[in-house]
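So, here's a batch of structures to check.
One chain, chain A, appears in both complexes that follow, with chain B as partner in the first and chain C in the second.
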Partner chain A sequence: MQYAVLKKEYLNEFITRLAQDQKVIAPVAKGYNQFAFEEVKSGEKVALDHIPTILPPKKYFMPQYETLATYHANSSQKMNPVVECEDLILFGVHTCDLAGIQCLNMVFSERPKDINYLIRKSKITIIGYGCNDYCDEYASCRLVHSHTPNGGYDLFFINLGDKFFVHINTLAGDEITEKTNLFEPATPADLNALAKIREKKREIFANEVPVVHERMPEMFSKSYDSNVWEDLGKRCLACGNCTNVCPTCYCFDVTDEPNLDLQTGKRFRRWDSCQNEAFAKVAGGESFRKERSARQRHRYFRKFKYPMEKFSRLFCTGCGRCSRTCMAKINLKETLNQLVEEQGMKNLKAGRETE
Partner chain B sequence: MKKLTLKDSEYEIKKGKILRVRKMTAIETFFEIALPGGESLDHEPGQFVEVSLFGVGEAPISVTSSPTKRGSFELAVRNVGKVTGALHKLKEGDEVGIRGPFGKGFPVRIFEGNDLLCVAGGLGIVPLRSLINYVIDNRRDFGKVEILLGCKTPKDMLFNEEVDEWNKRLDVKLNCTVDKADPDWKGNVGLITSLIPGINLKPERTFAVVVGPPIMYKFVIKELLKKEIPERHILVSLERHMKCGLGKCGHCQINNFYCCQDGPVFSYDKIKNIPEAL
Partner chain C sequence: MSKPKVAFFDFACCEGCQLQVANMGESLLDVLGAIDVVEFREVMSEKWDQDFDVAIVEGSITTPHAIEKIKKIRERCKVLIAYGSCATIGGVNGMKNNFPLDKIREEVYGKDYKYFETVETRAVPQVVKVDYLVHGCPVYIPEFVNVLKAVLAGLPYQVPDHAVCVECKLNENVCVYEKGVTCLGPVTKAGCNSWCINNGNICYGCRGMVTNPNENGAKDVIEKYNVPMNLVRNKMNMYNQCREIDQSEQKKR
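So, the complex of A and B:
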């Protein structure tokens, strides 16, 4: 069985059964139209058709704070390298966030490999979810082709109204359907309904910025000295929120934390942000991205230019989190539109052309 | 949450035993370090290690000894903050953590058979010393060797005795300059760039290796280009903030390059169009 369906009335029971012997993580409403991935025991609180969570699921692959080693520092330098990990099932991961995880996978499996990340990754099962409509006006997932799934999940759910259409992509996914024992094989009628949803999706999702996806790195190459960065630099508060919430920002700091005995302690890493001025400052006092404009440019180039050269893919998933969270109202779609305008790269048919 | 012990962590240190400590100047100290069982560090000139002190942290430090020196390796550290400050308190017999070596060093094999011009400003002599001693220990494999040293005042000169020895060798040419002299100083006074025009070199068979503070590069490279040294024959070593040495943490990123993996040594033709490099 590669395609199955799950009746909506069974969702609650599905999560309950899953949660019986494993930790299940899903998006949950936190009020004020904010959502967060957290542990759930049943399906009651799971919020599927909403804007992306405050923090992306990267927090399970690359925790905000992670112990790399415990140490004993008295006479000699003794350390015990560790990885903190647990078996997890992530449920309700939107296609944009699946793309984000794929980006991180590339970064951390590139040599020298990050074994901590890879071990955690091996313990996580992913159940994806496809949005049938835009979550809000900040999203630009169509532009980067992450509005539809491109693999990276064990199971994938699509809302067919009274049931979920389910793609079983891996053996791990299949085992879940077997174990929970609530799924039925998909019928030709279900496949028809799926085709209709997809058709409708093609009508709803259109390129949010009038530029051809493939030409974006070129557009950025030409824009290095653009005034757009000056403008962003004037507005940006350098708070680092945009990089924290971004599913593909992975920069970190490594620090020691001694215990009270001052002999033992741990070496840990935590998320860091290229938007802090000290981020690229060296001992002589020289800071290599002193201006906020240069740091904002760096953030954008790390999404649309550099990863294209290294990993042949854009590192923006179009999730819109950076724009939603920014106190200075710096908006990714707006920035891209300005660049398109400035570089004369407007292509109104862009959305269709790349189908 | 489970905590599993890792056998293959990139963050694991090797224990380095400090064999010798020597104060070089008011703020710089020299360390000779051996790995357990005399294991070789197996570095290339120009590579660096992460030096770790638990409870304090890690700092990237260039290996200043040549790989031809076996059994131990050497570092020269300037006290500027937390980790470097804590290192300065260590004594002979103490242990430090060592990770690495990391990065791309000087392309010594490509240098073979060619002339070398080494230009060191300030602390730049620390990584360059590794190359210079490597070349001296394999002297017949290289052409002419000329060294230009520059620092603020005579008191800031590092490796004085060794520099004197280089100076005495008939197969090495050496020139020093200081920004500000004192009464005993017999060498040149002025910026290091002022020494370059007078040099007699064959540009097509000369490799110029430049290491110094960020501000120095632009001016020195300009002089070297005037001498018609090809762009890919000019090598620089860039310093950036680094946390992992593994091309991940992002601190050392220079546009699309990660200094710790793609560098710290770069040829000028690779970086001349990289706006954040120089």
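So, the complex of A and C:
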């Protein structure tokens, strides 16, 4: 069966059964309207209709700190590669985060392939979850077409009120439905209910910024010397929050760390950020992006221009995390609106004609 | 190769960083396997009157006598590590510099204060050349060990020059500003793995400010979160007052 339903009262049991043989990760409330992906043993703590978690699920694909290799001075340049990973099921991944994982997959599959990432990815099963409404005013998922699912999951849940409509997308997803044995086949009435939800979503989700999605790289090309970046530079504290919470930021730094014997040690990588002072600093103390304005511009260009040229895809998923977390209240939608005005690219029909 | 001789010294401080080292737990055995401690007042009675390789210095310089003493230590060692906020940035002792020296002396020593010489508080690098810094009040032991490893290997140690927020986000803490509390994380140097925030506290700025803070931007943030300016000034004053000595010296140049 490709489509199934799961009654809501079975959700707790579903998670409990899944967690018997495997680690299950789901969004959990942390208070103050903040959420995080964490290990769960049952469905009780799972927060499905949450605003995007503090960190996106990328932390399971490329952990904040990750050992890549160990070494011994006796064996000269030879290092022993290390991949620390385990089987995981990610439950409740919103469509914006599914898009983020798809972006990372493209980046890390490029040659030279990132083996650590790819091995870890092969061990992760993803259960997506559709949002029937906006999480809050920071989201711009309609602008980048990530408000609806575009693959990248094994199972996908849609809230139909008293039950979840479930799309079974892969063999791994199928195995889960069989193993947990709680699903029923979807009936024509369920498909009708789904159609209604989709129709309602079309009304709710409207293009958040009045610009044609495809014209954004062009808009950015013309905006390289815009005053918008100066303004952001004056406000930005360079705390790096925006990039650390971004589902598609993947920059990292690699360091060798000796043990106290100075003979053995490990090589590890940790997340880095183009907003950090030392990121673009080179020998001699020069920095390619000394000004915070240049760093913020770089961040935006890395979402809306460069990846379009390299991967034919925007690397913004519209999740709104960067705006939500910014100490200086730098707001992605605001910046985009300013650029749209400045470049005369306002198009109120944008994003409606393709529906 | 014989183990490097290491001596611990202290100036104006609470000796809490020494306590951190003494209280390191199991990794202390590994540390002692790699170095030869020849003097460490808090944990041993022996004194050392010859040269040594590494001096590990806690505390700020607050008297003419201390200036002489730190200069002699500098002459006797090959490598000098300043550790703890008092030593690296002046720390809480810097608050002394908010008052006229005579007033401070009178407050502390009463009517005979003239017998007790004093100078404005300085961090150790503001008096002698320092090779390695381990910031923090107290020092974060994993960073202390990392610096020690760098010293032993003859490598430089780079104190991260980005905000505590970076490490705090990697630890996925709920931002304390969301809880309506003011935190100095956005302008304070990382390297502590956001130790305080991980444990439900806020950042007090004990590691000193990042080298290129956006002071005007920080003012905007403070305004937006409706934080009284003098509250922030007091918070900054707590650890970072000695920064003014560097700033005024820069102006002179």
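Following the convention adopted for this analysis, the second predicted complex is superposed on the first by the 349 of 355 C-alpha atoms of A that agree within 3 Å, B and C clash if a C-alpha of one lies under 4 Å from a C-alpha of the other, contacts with A are read in each partner's own complex, and residues count from 1 in each chain.
Here is the rule we use: a contact is a pair of C-beta atoms (placed from the backbone, for glycine too) under 8 Å apart; a residue touches a chain by one contact, two chains touch by 3 or more.
In this text the structure is predicted, and so the values were computed from the model without any measurement.
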item	value
Which superposed partner A:258 touches (first chain B, second chain C, both, neither)	both
Chain B versus chain C as contact partner of A:292, first or second or both or neither	second
Which of chain B and chain C A:276 touches, first, second, both or neither	second
Chain touching more of chain A, residue-wise (chain B, chain C)	B
Which superposed partner A:245 touches (first chain B, second chain C, both, neither)	second
Which of chain B and chain C A:236 touches, first, second, both or neither	second
First, second, both or neither for A:28, with chain B first and chain C second	neither
Partner chain(s) touched by A:224 [first = chain B, second = chain C, both, neither]	first
Contact residues common to both interfaces of chain A (with chain B and with chain C)	258, 262
For the chain B and chain A complex, residues of the former touching the latter	1-6, 8-13, 15, 52-58, 78, 80-81, 84, 95-97, 213-215, 239-241, 243-244, 246-256, 275-276
Footprint of chain B on chain A - complex, ascending	67-69, 71-73, 75-77, 79-86, 107-108, 110, 112-116, 119, 224, 250-256, 258, 262, 265, 267, 269, 272, 274, 279-284, 286, 288-289, 294, 298, 301-302, 305-306, 309-310
Chain A partner contacts - residues on chain C that touch it in the complex	30-31, 33-34, 145-146, 148-149, 152-153, 158, 160-163, 165-166, 169-175, 177-179, 185-187, 210-214, 216-218, 220-221, 224
Contacting residues of chain A [partner chain C, same complex]	30-34, 36, 54-55, 59, 64-65, 234-241, 244-245, 257-262, 270-271, 273, 275-278, 292, 325, 327-329
